[in-house]
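Chain nomenclature is as follows: A, B, C and D, assigned in order of appearance, with residue numbering initiated at 1 for each chain independently.
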């Protein structure tokens, strides 16, 4: 397994050029998540647009995987209805727990399929998941989701 | 004794091939203190050190990944063995730490609340509150609660014993009331062998809103135990009594209770965020596992679980039950010998304490030792239980999977020899 | 590097012969987290299990005698290694437990006194009292004291750091005063590598009547340490960082302080007498060792001590000093690399943290890992220290006796590779 | 090593027929010692006669070794000046720590030489020492000895 399978170009690109980075003017829900083993941080904000689609704001510091993951998240879920975003989130979680054996669906996951290599590095899975766990938390705090249907520990 | 082939099992335990006291083959009957370890356990520990040793949960390099994987697989395996999920299993150094962890939740919460930290009120004690144990507790499930009371002003109560070594259940009515904040009870007594109706006691505890704790040190190694079926909030036991290495113990807790408890040992790996001004903590089980963990021992314990499951815990229990029936029969008929604990094998484990008229238990043990038979003498860390039965100490046999009927015969022979040696009429 | 023959030493560590990440030879530079173990240690542990395993201090049969002997010999050996008598050595599960034991003496005494138990007033805290640590503590020597303060109303103070990663000693004047009840300081920082003037700090602590504690986790494995010369009342460290097994730690204490402290974990083997109504406790070290002890791990730790003494701790220190000088020189000249901690090898250990401009420490570690080099990344359980230096994390190398200059070269090569990979100008 | 070397006839005789067992009417110093691992107990009392010689009273429960040791102690030290008794006590301690290699001096130790075999059983040494440690403690409590010159841990 090569290091390039972990750090695919798409990941490095999102890391160097994060999409949509910045905070919302009026967030509904905010979640600040930290990875206690390495100190990676993501501040995730959600709100809904007039059409019900998700608005996403975020900031963070940390390794390439965690920060690229936040950027990819932004691209994938903003503008979607919460339920649609949740499907993508679940697909991403599944990918991360696949131990690298998954054949991710590019239709659903877009650039996030680049994270397939991360699943082979248990210590990095948490990095990739950080923004996605924060998203769920922010949605719950913003009243966009209940605890019960957002349970994937 | 279908199922447990003692001769085959013995071959897995190198120490059982040795001799003691001038070339006498070893008969090990002290598994209640600590069990012996099969090569499978020793091999697993060694293999971990030789291939994957690193600090679990503290690194991202390949060895650290492997060590973390080994540690967490061990946790899952141990959980599975008792019907619990991984996140409900906390690793400690021994059952004593597990029980102290439970007890300190009360004294720590009480002290924290006094200075303004929000704590779960169930753990906050004050004068008038009471803590309930039994008169057959191992010191490890007695002294921590005495200390909790000394630190909070609460009062210790205990369930007394019948002459047959069982709990005086009729006393429960009086002992459990609205003042009761925690009930901590041994599942199987290490000195009397009694198996207590813990599910019933836990239900009574919960009826008054008390936290329920079970000391399962002597049950989980010897019979199938589903920790959820015990109905306890917390269950403590040790690895070294169930074929595992020294230096590892377990605390099972419901998710609800582990979340509600404050941390005990604090330091690395149990945190969420740390600043000089204050810290927040990780969710359980990490919250209770500060410091570099005993990874090799966890791996060894998982191998012990594999070994026991391959035998089958039903078979283990049946084997010990047969040994118990046989030993009770023989010892019960031996003149001058008195069993301290239930005389019948029902609701009873294989640890059997006895006294021999006219010979101090220490001297009985010495004669047995001289014949190669390792038994324990003394108060077995249950001194108040000895006082209850007005004996200074007892001699105790505690067989396990590597013992058979002939070992019981040897004990009987040893007792007779002691009576001859000390010139006691028998 | 006379004295330490790395090639010969490596042969004693089976794990160092393995490969990682697609057949790359392992270069282990994470000994600050945990060290690897030589066969001598693994053999000693296994031999104990295969010949003498029994519960120490809990039996009179031959195996129990042998186990007790092995355990107490190990205690004496470990004591000797640091210039202490047996009775001053308490075995714990790790340094974290040792430090918690020290901290709980304060919170427990305070709670006990409140309900009328007589305690040594030195351990009794109240609002206005203060506890002093440093800004470079490992979480294990920070959070326990935060918790003590939260449980007693005392205030936590800390010695700040200079930009070079040393203690701001001029601040001591203000920080140590009559309110100071305990001063707990790391001997050698696990993140910065700094060796602190602990003897001076302990003297200042004693001048105001405070208890002095030293966290020697990163010093005792790496240099000759005479615990008495540190002038501390209590000194804590771990076995697993000094070639010993996981699951064992040590607390050294003066006889005076150990006698004055209340027990921490309570249960079997730490008692004098027990009744349902209350108990009295054994003298130290037994008072602090409740439960069946980690005998096999103690035996393994004694074997680790033998191994280190055969090399000679002076030689070990000289070897690491040479590695440190070399690494500081190379890393110090590498464009884009910044060392977090003292840039000079004087009063400094071999743990070296650094950051690489434009690459997150986690990613640096990953590139190194991919080349077979195991280093640690993150906050190293010293998060406030990272904040002090305004870095989110660092990459840390921490060499030991089985590392040589070529391992440092490999790290330098790895950093350059990371810079190439992440397209960072270097 | 035979079990008879541990339980010599003299020991069994003292166990079955303890000498001088019983308490003093007016003890100067009293020490109640317990062996926490096995529960053996000895209550040791000291006083001095008109001639300065030791008066000894004792009771106890426990194994043959601990109780015989108390009986032998009584026989050996009662009537002696404290300093003489201390010499015997020291000789007995030395015997117990000899690991069975000592050649005890019967002139000094009398029946106590029978305990030579005990020194080979580490777990039983404490039993044999119990009354002798209690003696020292009782002498200190009775003001017959100071802590300093009675230090043999």
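We adopt the following convention: a residue touches a chain if its C-beta (ideal position, glycine included) is under 8 Å from a C-beta of that chain, and two chains touch if they have at least 3 such contacts.
The model shown is predicted, which means the values in this text are computed figures rather than measured ones.
J.: Going by the touch criterion at the top, tell me which pair is linked by more C-beta contacts: C-D or A-C.
T.: So, comparing the two chain pairs, more contacts are at A-C.
J.: Specify the chain most distant from subunit C by Cα centroid.
T.: D
J.: For subunit C and subunit D, what's the span in angstrom between their mean Cα positions?
T.: Going by mean C-alpha positions, subunit C sits 45 Å from subunit D.
J.: Could you please state the distance in Å, as a whole number, between where the Cα atoms of subunit B are centred and where those of subunit C are centred?
T.: So the centre of subunit B lies 30 Å away from the centre of subunit C.
J.: Rounded to a whole Å, what is the gap between the Cα centroids of subunit A and subunit C?
T.: 37
J.: Just how far, in Å, is the C-alpha centre of subunit D from the one of subunit A?
T.: About 76 Å, centre to centre.
J.: Multi-chain contacts only, two chains or more: what residues does subunit B have there?
T.: Correct list: 21, 58-60, 64, 271, 273, 362, 366, 377-378, 383.
J.: Any chance you could list the residues of subunit D touching two or more other chains?
T.: In subunit D, residues 37-38, 121, 124 touch at least two other chains, as defined above.
J.: State the interface residues of subunit B toward subunit D in the complex, per the touch definition above.
T.: 21-22, 360-363, 366-367, 370, 377-379, 383, 386, 392-393, 421-422
J.: What residues of subunit D sit close enough to touch subunit C in their complex?
T.: 34, 36-38, 121-124, 153
J.: Using the touch definition from the top, list the residues of subunit B that touch subunit C in their complex.
T.: Result: residues 14-15, 18, 20-21, 26, 28, 30, 33-34, 36-37, 42, 45-46, 49-55, 58-64, 93-97, 99-100, 107-108, 110-112, 114-115, 117, 135, 138-144, 146-147, 150-153, 156, 158, 238, 240, 245-249, 263, 265-269, 271, 273-279, 290-297, 362, 365-366, 368-369, 373-378, 381, 383-384, 387 of subunit B touch subunit C.
J.: Can you list the residues on subunit B that touch subunit A in the complex?
T.: Contacts found on subunit B: 57-60, 64-65, 68-69, 87, 271-273, 282.
J.: Of all residues in subunit A, which touch subunit C in the complex?
T.: These residues of subunit A touch subunit C: 1-3, 6-7, 12, 37-41, 61-65, 121, 124, 127.
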